[in-house]
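Pasting a structure below so you can have a look.
Chain IDs A, B, C and D follow the sequence of writing; residue 1 opens each chain.
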Amino acid sequence: MAQLRKKSDFVGDTVQLEDVGLRYADGPEIFSNVSLAIPQSSFYFLTGPSGAGKTSLLSLMYLAKRPTRGRLKLFGDDVTDAKRSRLPAIRRRLGVVFQDFRLLEHMTAFDNVALPLRIAKVSEATVEKNVTELLKWVGLEEFMQARPSVLSGGQQQRIAIARAVVHRPKLILADEPTGNVDDTIAFRLMQLFVELHKLGTSVIIATHNEHLVSRFAFPRLHLKAGTLTAMPPATGAES
Amino acid sequence: MAQLRKKSDFVGDTVQLEDVGLRYADGPEIFSNVSLAIPQSSFYFLTGPSGAGKTSLLSLMYLAKRPTRGRLKLFGDDVTDAKRSRLPAIRRRLGVVFQDFRLLEHMTAFDNVALPLRIAKVSEATVEKNVTELLKWVGLEEFMQARPSVLSGGQQQRIAIARAVVHRPKLILADEPTGNVDDTIAFRLMQLFVELHKLGTSVIIATHNEHLVSRFAFPRLHLKAGTLTAMPPATGAES
Amino acid sequence: MIALRSELPLKGDTSSRFVVWLVMVLVFMASIALTTNAYIGALLFHWNQSVTGTLTIQIPVMLDAKDPASTATTERVLDVLNRHPAVERATAVPREKVTELLKPWFGAGEAVADLPLPVLVDVRLSTSEPSAINAVSNSVQSTAPGAVIDDHRAWLNRVIGLAEGLGAIAITAMALVTIALGLTIVFATRASLAEFAQVIDVLHVVGAKDGYIAGQFARRALVQSLIGGGAGLLLYAPTLGFIAWLASRIEPGILPDISFPASHWVVLAALPFLAGLIATITANVTVRRALSAKV
Amino acid sequence: MIALRSELPLKGDTSSRFVVWLVMVLVFMASIALTTNAYIGALLFHWNQSVTGTLTIQIPVMLDAKDPASTATTERVLDVLNRHPAVERATAVPREKVTELLKPWFGAGEAVADLPLPVLVDVRLSTSEPSAINAVSNSVQSTAPGAVIDDHRAWLNRVIGLAEGLGAIAITAMALVTIALGLTIVFATRASLAEFAQVIDVLHVVGAKDGYIAGQFARRALVQSLIGGGAGLLLYAPTLGFIAWLASRIEPGILPDISFPASHWVVLAALPFLAGLIATITANVTVRRALSAKV
């Protein structure tokens, strides 16, 4: 899958936000003046109370929304006003775990996970190999041909994670990726993210799970009342 | 709302399972020989690894599925083979929080929460009063007129909980009700369940959150490899 | 108040628009079919009316108009006819009119003036029974042997056959439309059931009864059918006008101007409600069937 | 392989069935309209054909058949006609045939035998140009003044007017069908866009290009139109047969048996593909427009 990473020689920040603000329609600003630089190969938690704007902030980064104010750079490219036609190429270097999974109901678990590879026109042999391997890792090899609706909540969440990482993205944005699994599986999934991080991927995980945050020694971005604060890693945690 | 509780003089177990087994279509049995009695005014956690069958077990209790084997009693009534026309009356004494919320997208948050009251033909004045009060309690008074899709994950989850308790059910079945909220809100929501429990409602909460389980001194039902084991309350926890 | 509140979204989903559109088309087709049928009925009545109870008798005497023998035969026939109980009135066609009728053959020249012409008698009967026609025919024959009696029915019967065939097509169309409407509603309701599976699950869990859920779908189907049916009628009105305009422009008078009875318009106006009724019942039955397969 | 894999479900959603059904109805209507139009065209051609290039000349001489003067005039007219360059053949209608034609007026009695009758001449022209008809007419008039020339067009023109009106309705129907098809696809595609909003979001996020997504919808629309169009033709075949059967049963011979040219069937067979083409283009444009409003 070397062709998917051929731009990996770029140096600089993976994500850069400068004085970014966001509002929905004519509502109030969800957050304002958020500035942030996520370096290559970094790992961050994104925390904050429910409704603080974590999902919204991530949606800027995966280009589902444009900031209403400020500038946004991804992989060194300023995408604030980028033409739409330029975005697919950038999006293919991202992996997103949605808070509500967003699995495609009319496809099997396998096809859901294979989607990013197929969109990138990866050969079917590679698809077969990578997807099978990944589904084994998340413990769902028995459910490859199952539709999402017959899977349990935790099983669906693992499919969503597999889909987000199968194409070895440069940046993973995961929204509450362990909310529906027990601690054993949560730890295993975190390990997956950490492995990818060690291979050079940047990871941002939005979570409410204080236990998770305190267990891993990664820095934390805290969003509250429209302001983003960077916080150091929890002390005494594993890395 | 006294009319909603007029059968409250019944004595006995709220839920009774005798040698219950469940299978989907022609798949293997998810669990078998589960026997269980949930007394009135009790509070249980339901735990177990992802895919163990927690959601499936709850779905038997809220009458979305019939056991493929064994007998099931609710409020002392044997409902294993009960006629369909008898079920609505029983269902109105239940409150269910779905793992995936299942809010009705074409209704406002207010109307979603009001649904059980309106189905039970409660007067609109009472609906107005109770729903508003409850939405304040879960911290969403600002979002009463919002559609579920514009709410954050945690906000949706709180709407789902409000809908499950608004009609003061005799039995609350909550599936991972705090997976999308932070600890502060989770604690507040747990308080709501505990309050109702103290007023005589039975509560069963399926959860992966060990932290939650260990914080509250309630007994636990553990489902693993198709077998249900009762476990005592965590020691040293508040009640 | 609660009964009017809908737990299903009426707008925005595809199957609801599907029903509205199809009912529109179906009501449109039904109204065209009904009108065709009514028009054909009226046309037949009109033709029948203008022909029934009249006879033309041709007396085969090739005599000069001024010839007293000819006049005598004619007088005799007229006399017999006018005393016949089944005859209301019998008059000889004036010579000018016969000349006019023969113009295509002999031109308007003076040649015709001197021509011996057959005598035509127009008879208006007081009844349209075949037996009366026969009785009249017999008494004419005995008075003036060889008289030709034409009751104008030969050509009419052919046209009636054709028109009745068209009427049958219109009726068939109506029947097909009704069946199609039923099928559409069944099918769209099933689609809706799938589309709203989750809404229905939630309604179930909060204790809604089958009748309540079925009622929601039935009301939706009713409203959709009324909207679609109304739209179909709205479409029908200008179409009828357009066809009438075309017909009048092309050949004024070839088709008689027929005004429909009030009952026709009442039936047309009732079409959306009929569609609504069919839709309501079908939706109700479909949903109850589907729900009864659930826990 | 990847190009053929669909990221959108083709079956099971309402809008897809909606399109299939509507395209079926539309193609059905279009094929009926086309056939009507072709039939009317063929009918007009047939009638024109049987009439064009023929004249009937009536010589206004009221002379006895055995009268040499009458014979002389007739001979002269025939001679003039047969030497005229625009005339292929001119023949006098035999007296028996004229008698036959007059029977409704004079009966079959011996009276007619002695009657002086007009002479009728049937003329077949070698051309159908109006100028030729005029030239023939003039030379006949100068030979036998007062001759009446009938080119059979008066009644034909009335019928042609009516038929052309019907043809215009058929053409209008075709145009409406095309517009309706376009609107249907636009509308169903929008409905699908709403229905698959989440699928589209996910495809976007994993880096699918607009063209890819639009292509998925276009392919869906194509397949649906082909299915619907095929079904429409399948419906058309028995309908045509049924109407032909009804027509033949009602009035054999009133409408001539007309066999359509091969091109007609080719156009009919092309209808589903035409619908597919319209659907593909419309869906593509609609989706691209809608997507360009997104981030």
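By definition in this document, a contact is a pair of C-beta atoms (placed from the backbone, for glycine too) under 8 Å apart; a residue touches a chain by one contact, two chains touch by 3 or more.
Because the structure is a prediction, the values reported are computed rather than measured.
Peer 1: Touching both chain B and chain C: give me those chains, sorted by label.
Peer 2: Both-contact set = empty.
Peer 1: If you walk touching chains, what's the least steps from chain A to chain D?
Peer 2: 1
Peer 1: From the C-alpha centres, identify the chain that is farthest from chain C.
Peer 2: Between chain C and every other chain, the largest centroid distance is to A.
Peer 1: Taking the mean of the C-alpha atoms as each chain's centre, how many Å separate chain A from chain C?
Peer 2: Chain centres of chain A and chain C, defined by C-alpha means, are spaced 69 Å apart.
Peer 1: So how far apart, in whole Å, are chain C and chain D when each is placed at the average of its C-alpha atoms?
Peer 2: Roughly 25 Å separates the two chain centres.
Peer 1: In angstrom, rounded to a whole number, how far apart do the mean CA points of chain A and chain B lie?
Peer 2: Taking the average C-alpha coordinate of chain A and of chain B, the gap between them is 31 Å.
Peer 1: Any chance you could list the residues of chain B touching two or more other chains?
Peer 2: Counting only residues that touch two or more other chains, chain B contributes none.
Peer 1: Which residue numbers or ranges of chain D touch two or more of the other chains?
Peer 2: 12
Peer 1: Could you draw the chains as nodes, link the ones that touch, and say if you get a line, ring, star, complete or other?
Peer 2: The chain contacts form a single closed ring, each chain touching exactly two others.
Peer 1: Which of the chains touch, listed as pairs?
Peer 2: A-B, A-D, B-C, C-D
Peer 1: Where on chain A is chain D touching in the complex?
Peer 2: Residues 62-66, 84-85, 87-92, 94, 96, 102, 104, 106-107, 115-116, 118-121, 124, 163.
Peer 1: Quick check on the complex: what are the chain C residues that touch chain B?
Peer 2: Touch residues, chain C against chain B: 1-2, 5, 7-9, 12, 198-199, 201-210, 212, 292, 294-295.
Peer 1: Help me check something: in the complex, which residues belonging to chain C touch chain D?
Peer 2: Chain C reaches chain D through residues 12-15, 17-18, 21-22, 25, 58, 60, 62, 101-102, 105-107, 109, 111, 115-116, 118, 146, 148, 158, 161-162, 164-165, 168-169, 187-188, 191-192, 194-195, 243, 246-247, 249-251, 254.
Peer 1: Which residues of chain A touch chain B once you look at their complex with the stated criterion?
Peer 2: It is residues 24, 47-51, 54-55, 99-100, 150-155, 158, 175-176, 179-186, 208, 210-211 of chain A that touch chain B.
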